[in-house]
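Some structures to go through are shown next.
First subunit A sits with subunit B, and in the next complex the same chain sits with subunit C.
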Partner chain A sequence: MAKERKKATRASRNTGGRKSVPVGRARAQRVIEVPLAAPDLLPALDILRDPGRSVDARLEALQTIQAASFALLDFDSVRPDYIAALRQAAEDQDPELRQRALGILAREHDGFAQEALLEGLRDPARALVGPDKALQLLSYDPHAGVYPIARDIIHTSEDESTRREALRVLAGDPASAAVIEDVLADKNEPSAIRRMSASALHALNPDKLQRWASSAVLDTAEDADLVATGLTALTQFGDAKAIADNKQLRKRMSQLQEQGPAKIKQLARRFVKKYDL
Partner chain B sequence: MQAEIQINNSTTPAARYLTWAPSPCRVRITNPAGSPAVQLRVRLGTRTNTGGGSVAFAAQAGGPYASTLTVTVPVNGQSVSFFVRGVFGKPSFVDHDVIIEARARSAPSSGNWRLLGTLPVMVRIRKNANNLTAGERTRLVAAFAQLNDQGLGRFADFREMHVNQSSPEAHGRPAFLPWHRAYLLDLERELQAVDPSVALPYWRFDQPAPSLFTPDYLGASDALGNVQLSATNPLQFWRTDNVPGIVRRPFFDPAQAPAGLRTEAQTLALGAQYTGFRTLEGNPHGSAHTSFGGFISSIGTAARDPLFFLLHCNVDRLWAKWQLQNNRFDSGVAASYDTNNPGNKTGHNLVDTMWPWNGITTGDRPPFAPGGALASSACVSAPGPQPRVQDCFDYRGSVAAVAQMGFDYDDVG
Partner chain C sequence: MTVHASDPLAESAFVQWVEELERRRDTTALLELLREQHRIYEEQSSRRIVKMRGWILVLLSHGELPAAALPFVLEDLDTSLDPYLVGAAALALRAYPQPRPEFAPFVLRALENIRGHDQPLSFARYGEYPRSVDASTAVRELLATAAWLGHHGTALAPRLLALGDAGTLPLRLRDDLDTALRAIDGTSRDAKDEACCSFVLDLARFSWRPSERQDATSVESTVFEDQSGVLSTYHDLFSGGPTIVAFFYTRCDNPLKCSLTIWKLAQVQRLLESRGVAGQIRTAAITYDPAFDLPDRLRTFGKNRGLRMDSKHSLLRAVDGIAPLRSYFGLGVSFAASLVNRHRIEVFLLDRRGRIAGSFQRLHWDEAHVVDQAISLLSDPPVARSPGTVWRGLPAVGPSAAIIMACLPKCPLCWSAYLSSAGLTAFAFNAYPRALQLVGVLLLIHLGSVFWRARSTGQWLGFGLSLVGTALVGATIWSGPDAQPLATVLVSAGALVSALGRRPSQWFLRIRQVIQAGIFRRTVERT
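Presenting the complex of A and B:
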């Protein structure tokens, strides 16, 4: 398997597959029939498994089988063959096919896929997908194995997308709250990274997020997107009594209703309306 | 003099919502001071805010309906019944944008009608998600975000209802459509508990919906498949399964419709028998799910994406259109359902109660039942807290008024 994976990785380099593949290939305009009995899925399974078929045909077969999984009474009878075909496709030379197969397997919490993804994060030479995609797929079933890797990525990676996915994974790890808080507080971090940190902190410690939100709104030097995120958090999830007692915040809201970018004014008005200030 | 108007025979503000179906209403004189007569001729009409909804009145549920209705009301406080319904094609856009007025002549032969009472109502209708106003979008996403409440809110129950283990209750068998109708209604009523002006919109997946897939609404996907939301969108705090965010990677240009799906016309042409029509479960339903990668493309994760509910709202709308086209509102009519399928497991026969609302966790049901009974409505009594399959057919009360479920679609008249 490892040999095959190296081969796949080499292929991905040749096709630019190290990074995540953008929006998938367009399909034909014709109506694609979705079989409603398991035996009728077998031809599609054959196509999916056949490296000799075109990638477009294999992707269409994959999509047809997956659509049938929503509707088929007896889908379980083909599930083992389907999982096996997905595992094979996960190591295919085509990056789009690999990514889609790994996505389906990851959503099923498939151990083969999880181990392959972790292995790729530990050793990029063996990666089937880019590290950002691997982290995203591992977030379907985050467990202890991925948290140390994700924390390490926060400190060592320079790729924004990968760091953002690492933060998403860490949102499920209470031990990472301090790391996330640090990133949120660091104004040198990109806005998108800090916004993801806000979402992650909101998940781990909503009270801390609310305190940060108040301070961000009061901070006249804060990035406008972060102010908007803070305002949205306060409006949507704020504690009415704490807000009513916060004279500084109320005063700031009065200012923001009249000043600044339109989106901030709009949010400030929504805030004032909600809390009847 | 003063009059009280009751919508859906209730004084609670939560009952002041209408659909295209007749709502039973009452009017009574609460303060007869100044009236020398024992009864009054009371004219019911409306004042509508600009661009707002429109309603019509009738003395009987069957009509005829008109923009005004004059009824004779005793001054002793006794109620007089009448019916109101939304005028098809003229839904509301904001809460309470229609004001119902009760007026009586100032004097027996006077041309002046004195105002006795008013009541604001809304014609609350499920609409095409792509066409919602900015205000409607804002209220919808805020209600979803509140229901999710950082993953700890009531939404978690809805996420838990639609998982691999519960799939046989809802998929691959005849109750696919009734089960999802109850599921959507349950969610919609919870959204309305957050904001009563919200109706679940539908994603018409056979048409382009460029407005829907934007950062201010349900989000625009980046290359990785992460849904990007603006800093003003409360869905940025969406969290399911302890993980923030939404993964949704379209395999089509979001400015266009997904390819390969049956169109509405093709779906409605699947036949007049339910056994034929329900093959829509594969295409367009399954195909719409798998026109993306990410949460929505697998049964076990699909309900993690708010888009899931808009997708299924369109599936339900297609069923509603098919029901209207073929007069299939009566579950007692054989062609309305697949009653003779020997493979029907419990939960798929007309008289069966549906999981999880029935709370049954034994036998061939899943060993868990999240969420409790189906949410109640101040407007209607159906389908009840533990709906049966057969309770989900006559949603507009065509066969029996009491079966109304309290929703309607903007293009199903």
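Presenting the complex of A and C:
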């Protein structure tokens, strides 16, 4: 980050003493201008903190300050004020401002943001953002304490997007491997959920995923998307010797090359080619 | 108050507890709560632990800070990137009875570490997150501590001046900076204070004489998997020569802890090479997070930090979990399920029997000093070299063959007597030549085993006894049974001396080790 800041500062010095540097486009296609020195951000901080200003103006101020946090070497001089303003904005009435502020704080592993997001997952009435977004923001920090809540969500939530985010979070938690295995094995689960479980299990226990992949490919009643996932896993990460010794698997590959959806045929051919079967 | 491992302590209960301890001025109990192994930290999130530990430091700052609190306070200044912990540690340090020059480098490092991480802080109530721009910050607390150090903080002056010049200090902290600079420059410097002593370093390093070292029996059969997936026991890995062992985990989010520890271990390896002892002193790093840190992750983590990884230098995961090691090493670590939620820096020196001979904890350790200490362990009294895992059972072959051979009849008369007692006289004539062949084979196996053992241990007495005994057995087959008892005794004695060592007093220990090796093999098979 320091290098990026130095580079940006050098670039700003090369602008011939102009007051600011264009770095991007705001919501209304306006060029955002970043001041050359951190103290010049104080007016933008005032706007961000002021609930009486329009949401557009506050979002623009936020974008300016966020750009400056990468661009200015002396940004540390306003950093505590920026964090204080973000904490205030995270509880604002406007959902977009709230989400943007929480997103920045969560990337900083900010304790206030993490506690607010966890609280919202426990008690939806107090949630500052939707549960899927909260899970996504909490996943930035594996130490945030979200794993037990994500495990509960897998069992209790009916929202597919939220459950998918929960599985993505749990891909970093070895204690959840059994839960993920159960979801993967459950043919009543939606295909997208099971595919996310496969991805999570690969991160936690690649050997277990390989065992599941072999059985999924051999299972003639398995969903085609899951067979494709299994084939991909075996092709990318399979043990060549175990595959060569597996007569059933080789026979099944011959079948899959000839019948079934085009995607499966293609994956089966790729598998056979890779392992020279 | 009792805390059970299964249920994490509620924040309200924690606050009530520690504030009661503070009211009773029970600093000993408060310090006990700062140990990472304490059950109050089990199953908590890292964020909550930051708040809990920070609040204990704040409470400690309300009275006089005892010397026993310094390792915890200085640790957070040395390695923490969390503004709340750094601010609370700076606050607590000011409660120490007198400022000391040794504290200045820690304040200096904290000022460097916290750059890019500072935020508004509140120490008025537990867990408060201020939204006001007037709140204190970690840098403000560090400046206040610099001012408290006064002339003892001379080492801080250049950094503080640079902080003012760089423009990275919030405008409202200018007065705090000026106050700190005035306090440092405004008093006369005491030459005695400038010479830094080992006061602080002594807080973070420990060593034990050979007679005081705890036996490693409880962990000897612990099975490890290295970065290449090879399985070995603690005994295999850490017996036969000194080892430098560090603890870490790949998901550690503080680059000043685990990442730096492995990088420094790589520096240690280079120092060992440059001093010509890389073949005699091993290095190892053991993960706190064996469920997540699979061999691939270990290998990548080590490779990215320039670590040499081979049979003598490895990254390890305990396949059955970290619990036995946590207990034996007294590791300063706590967990939420399998994920580490707080740990200290810890590096250990193991002697040639795998016992802990020294440790470096909490504060950053010096690579050269660790290498010096490890080299000093080379002069410990030697113990018998441990054979490799594959050949571990071979010494047992010698005694077994010798015992079977001793029990077998070795002349026609003895053979007739044995079979007669079993009512099988008629078989004696046919059985005798085959028994001779069997005795010959057993003797050859026995001699080969004893020779191999003697070559690896350098102790040839057992082989000598067996060789003489074997020669006598051969002679008695052709010349008569007179010398046969002596021959059998010599072969048996040779086998025992070879397998168990020259001193009968150590035989019990060796037999126990062989039994443990059997337990290990069963564990590996289960795994």
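In this section, the second predicted complex is superposed on the first by the 243 of 277 C-alpha atoms of A that agree within 3 Å, B and C clash if a C-alpha of one lies under 4 Å from a C-alpha of the other, contacts with A are read in each partner's own complex, and residues count from 1 in each chain.
The rule we apply is simple: contacts are C-beta pairs under 8 Å (C-beta built on N, C-alpha and C of every residue); 3 or more make two chains touch, one makes a residue touch a chain.
Predicted model, so just to flag it, every value in this text is computed and none were measured.
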According to the stated criteria, A:Y147 is in contact with first (subunit B), second (subunit C), both, or neither; which is it?
second
More subunit A residues in contact [subunit B versus subunit C]
B
Considering only the touch criterion stated at the top, classify A:S161 as touching first (subunit B), second (subunit C), both, or neither.
first
Should A:A233 be classified as contacting the first partner (subunit B), the second (subunit C), both, or neither?
first
Please work out whether A:L73 is in contact with subunit B alone, subunit C alone, both, or neither, and reply first, second, both or neither.
both
Check the residue A:D81 against both partner chains and state whether it touches subunit B (first), subunit C (second), both, or neither.
second
Counting only touches as set out at the top, which of subunit B and subunit C does A:G103 meet: first, second, both, neither?
first
Output check: A:S214 vs subunit B and subunit C. Expected answer is one of first, second, both, neither. What do you get?
neither
After superposition on the shared chain, which partner residues are touched by A:A175: those of subunit B (first), subunit C (second), both, or neither?
second
Subunit C-contacting residues of subunit A that also contact subunit B:
73-75, 142, 172, 206
Touch list for subunit A against partner subunit B, complex:
20-36, 63, 66-75, 99-100, 103-104, 107-108, 132-133, 136, 139-140, 142, 161, 164-165, 168-169, 171-172, 195-196, 198-200, 202-203, 206, 224-226, 228-229, 231-233, 235-237, 263, 266-267
Show which residues of subunit B lie in contact with subunit A when the two form their complex.
142, 145-146, 149-151, 164, 171-173, 176, 221, 223-226, 230-234, 236-237, 239, 241-245, 247, 249-253, 258-262, 266, 279, 281-283, 285-287, 289-291, 293-295, 297-301, 343
Across the complex, what residues on subunit A touch subunit C?
1-2, 37-39, 73-81, 83-85, 87-88, 109-112, 114-115, 141-145, 147-148, 172-175, 204, 206
In the complex of these two chains, what residues of subunit C are touching subunit A?
44-48, 50-51, 84, 115-116, 118-120, 129-133, 135, 137, 166-171, 251, 253, 291-292, 294, 336-339, 341
